[in-house]
Amino acid sequence: MSARSALGRLLALGPLRLAALAAALALAAAANAVVGYVVIDGRLDGEWYDLRDLGFAVARLRAELDAVAPPALSYWVTALVGVGGILGFLGLVLLLGSWVERRLLARFQIRRGPNRVGPFGLLQPLADALKLMQKEVLVPRGADRLLYAVPPIAVFIPAVLAWGPVPWAPNMTYLDINVGVLYVIAVSSLAVLALFMAGWASNNHYALLGAMRTVAMMVSYEIPVSLALLSVVLVTGTLQLSEIVLWQEQHRLWLGLLLPVAFLTFFFSSTAEINRTPNDIAEAESEIVAGYHTEYSGMKAGLFIAIELGNAVVLGALVATMFLGGWSLFGLETWIPPYLVLAAKTGAVYFVLVWLRGTLPRFRLDQLMGFAWKYLIPISIANVGVVAVEAAILVRLDAPGIVPLSAFTLLNIALAVACARFAMPEPSGGPSAGRGASHAPVLTTVLGGLRASERLRSAP
Amino acid sequence: MPAGPRQLAGERVAAALEAALPGSVVEVHPEWVVLAPGRLVEALRWLRDSEEFDAAQLSSLCAVDYHSYFEVVYHLQSLDLNQQIVVKARTTSREDVSVPSACEVYRGALLQEREAYDLMGVGFEGHPDLRRLFLWEGYPGHPLRKDFLQLEGHHPGLPRFPFEEPGVQSR
Amino acid sequence: MSEQAVEPGDAAAGEPYILNIGPQHPSTHGVFRLRVAMDGERIVDMDMIVGYLHRSMEKLAEERTYTQNIPFTDRADYLAAMSGNLGLCLAAERLAGVEVPERASALRVIFAELQRIASHAMGNGTLVSDAGAWQTPLLYMFRERERILDLFEMTCGARLTTNYMRIGGVAFDPPAEFFPKLDSLVDDLPSCVDEYVELLAENEIFLARTRGVGVISAGDAINGSLTGPQLRGSGVPWDLRKAEPYCGYERYDFEIPVGSAGDVYDRFMVRMEEVRQSTRIIRQALDALPPGPHKTEVPLALRPEPGEAYGRVEGPRGEVGFYLVADGGPAPYRFHLRAPSLINLSLLRSLAIGASLPDAVVTLGSLDIVVGEIDR
Amino acid sequence: MIPEQYGRAGVLLLFAILFPALPLVLSHLLYRLRIRPDRPDPVKSAAYECGVEAEGSSWGRFNARYYLFAIGFVIFDVEVIFLYPWAAAHAELALDSLAVLWKAALFIGVLAFGLAYAWRRRALEWR
């Protein structure tokens, strides 16, 4: 077997395609070399054609426009450029993401996933969208028609608005406000309204039950989210998302490592906020069919389904920004465009979400509520206290940052492990619950009824 | 003789029952015992609780239409002693179709009695929730009765069996 | 198991509302309907409505010969057609006094056990789906089920409604390529079971959802006529393959898995363990498969002497019993199928009242119903 | 600087509404072009209840358990939000004097006490 055919077999490609691939790789390498030269040369820095940070291009555009027209025009044009960027990205995500999610789930489930429409089934989401658009829209009789019409649009608002303060690169933030964290919290709690509206207006028992669960659950998990972000703010001393990323970039430390309790709390609680497994009880299909959007059909249902994906991606971006260093990558962001770094981190978080969805069963409502109120909130409050002390020490110490930071990182990781291992409550209230004990069935060849059963039970 | 491998002889069951509850046995057959409807529940409870029979489980309950009367067949199972007992109860006629319910002795009879009531029209006195199980309230007749196909609007299915001479299947 | 669930004076209680779960619901596993009165998440009262799939099989059977009735048993429990076939054949053989060749008995054991594995894969897979795992375990279990159904197809041309057993034996001898495939399947199965147990039985969420949920005590299980894994999960070591061995089960070495708490988790684990035990039985039967005919010749229109017989087998869902009454004619005078799916639901109401909706769904899933068999 | 940024949030909000509205408008357009059917009938527009007619409206008096948590949220979340200005200024204040830690601890203590009280009164039990 020649080396070439072995490679071809590995990649499952014919010789012709292999050659094309090799050529493409060579071309990419050459392009990379050119880019590398330009980057080292420093010729790109701050110029409008610096592709690593599109913020420069927008700033240049703004300056050019300000020179020839009233400032309102440049304001609107740059705003529209930013909005276009965000919505374009979101649209791309919605179109590609559902394909990615279905393919990934299919891989987890030893299936193939969509592979018929277009190359590798890539056009499947488009076909789905077209199909949904031309489906008849049914409005249940007895529904509150106005409130029924609003939610499909209203659920999009938080998912789009939350993209605003996410920094894509040092100068590439659409909405670089100094209260970014508060803004994110405020915006994300809007979704409850839309979902409850949808469930209530449908006048359907399943939808109402889903809406009620949504209210109880999303609202409860909002508090751990706020508390987790509070410790981020304590450490970085700013509410501005771009500053939080800068802090992580300067300290060469991801907040997820420094604040593991906050990180895990935020991640878990956010899965409840966006109705993902294992916390997807608001639309638990085995119990309440589709929850709050049971009654929606056609494109309206499509919007609900799409926004689940949009929420997952926005969560990925927020987790990446707050806890995984955002656009920074330990200096490599001078080479790789920072927005690609952020997209990759977002994708990684999204992958974890899909992985969870493909693996875990779901909790019960009372278990989830108990977990939030009796475990996450106390732990988060305690964590805020610990972090406040640490932040005070950090700011007062004159020692170089690396020593206390690594000490606190190790301490906090140890605390997180302790919380997870020893303080976690028993999730089930059942009499037979007990962690760790063996529960394999007893094997027996004895036969009998109640008496035999009692004998078996009394035997060790 | 067609009998289950671990089925108790009817005579043995009948003798024990007569000794404990005189007058409860109506008819004895090598394989089964026919109980008096009036003492059915009592007899079943005795069979369930007795050390000798330990008929802890009602494994199957089913009704049979014998044209002039209905018969309810109880297959009782002792799990500890691994033996099976078959007892039966008969209605007095085709019109008076009531048999006492075994529900208070065996909860497993809940759905089986509803099924027999629905399909065979046997009334189980004392059943906590005697409604039709498969068919809806108001359905005409009881399909498993032998005269069901003579009801108005119903037609018998196959006229005859394959592999059979005509006329043989008439009962 | 109290029938009275809502304590009087619960200040938080709302108006109970009526919710219909089924007939078209993802977790009722067929056209099965629960009409529940709920207060919030909690079930206050429940009524079970079945019959959507009623075909009056028992009446139809009175118009057909014993052999012609075998396909009906496929369509009763369509996930365990082989067990249904076998039960009817045993009852009819008992009634008519037919002897079965050795090879046929061994083949019956192999197919009945394969069917048990396939059915448990389905039952446990859907149970995990009911607990909210987005079908991943279900699809994994379908992997093995698919191989089993391929073996069925190879042997008798059908995957679900096999119609394979005959009075006096089995319809066909399996083809030559059947045996190596079965061999490799039997080799693979234990590791597959280990995989599922690892994936689910130690999963904290799955434990939280199933432990202590839907608890049936041993006494209730016996009194409620529960059979099969539902009974064994409650700790009662009862298995017809041991109690009343048929088809030579007494020759095979296997054990009965028995749960301890009687909850959903125990029923799940008992099924998982039964797959292992079935694998053992198949291995033994396969290694000692006797040569010879696969069927004794029996007249197509069998006319047993007047009398009655109750033949039963341990199906995947419990005791599949056939009560046949013969009147000397070619068709049974009375044909009654003791349907384990229906009878296992005897306790459903008392289990559901007071439980929360998700618990009730998981409990129903653990009872592993097949609507074709409930309604018949 | 600040009003300008909020204006941008407004623009984003505008487009956040337009973005999902677009497919709905397209869907309506398809209806106008008679591609998408619209033939309502009473059975189709019945509330989905697994294939049978729903019994009663769902707008009844619901179990109050759910609302208790909503009230808890309002109390706790507002308190947490009040902590944010402190958190943002914490580093600077701590540089001056560690007394800020005590003051914050008092506030967090009130929060924790509230939670402990609710826990004690079994308001956190689902049932």
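For clarity, chains are labelled A, B, C and D in written order, and residue numbers in each chain start from 1.
Note that a residue touches a chain if its C-beta (ideal position, glycine included) is under 8 Å from a C-beta of that chain, and two chains touch if they have at least 3 such contacts.
In this text the structure is predicted, and so the values were computed from the model without any measurement.
In this view the innermost chain, defined by its CA centroid being closest to the centroid of all protein CA atoms, is C. Between the chain pairs A-C and A-D, more C-beta pairs are in contact across A-D. Each chain gets one centre point, the mean of its Cα atoms, and the points for chain A and chain C are 42 Å apart.
Our note on geometry: chain A versus chain D, Cα centroid distance of 17 Å, whole angstroms. Chain centres here are Cα averages; for chain A and chain B they lie 62 Å apart. Centroids built from CA atoms put chain C at 24 Å from chain B. In chain B, the residues that reach two or more other chains under the touch definition are 56-57, 79, 82. Contact of a single residue of chain D with at least two other chains is seen at positions 49-50, 54, 58, 62-63, 65-66, 126-127. Residue positions of chain C touching 2 or more other chains: 17-19, 25, 40-41, 222, 236, 238, 243. The touching residues of chain A, counted against chain D in their complex, run 75-76, 79-80, 82-83, 86-87, 90-91, 129, 132-143, 152-153, 155-157, 159-161, 163-164, 174-178, 181-183, 185, 189, 200, 202-208, 212-213, 215-216, 219-220, 222-223, 226-227, 230-231, 233-234, 237-239, 289, 294-295, 298-300, 302-303, 307, 365-366, 369-370, 373-374, 377-378, 381, 384-385, 388-389, 391-392, 394-396. By the touch criterion given at the top, residues 2, 4-9, 11-13, 15-17, 19-21, 23-24, 26-27, 30, 35-40, 42, 44-50, 54, 57-59, 62-63, 65-66, 69-70, 72-73, 76-77, 80-81, 83-84, 87-92, 94-95, 98, 100-101, 104-105, 108, 111-112, 115, 118-119, 124-127 of chain D touch chain A in their complex. If you check the complex, the residues on chain A that touch chain B are 447-452. Residues 11-15, 17-25, 28, 33, 39-42 of chain C are the ones touching chain D in the complex.
Chain B makes touch with chain C in their complex at residues 1-6, 31, 56-60, 62, 64-65, 73, 75, 79, 82, 84, 86, 106-112, 115, 119, 132-136, 143-144, 148, 156-158, 161-164, 168-169, 171.
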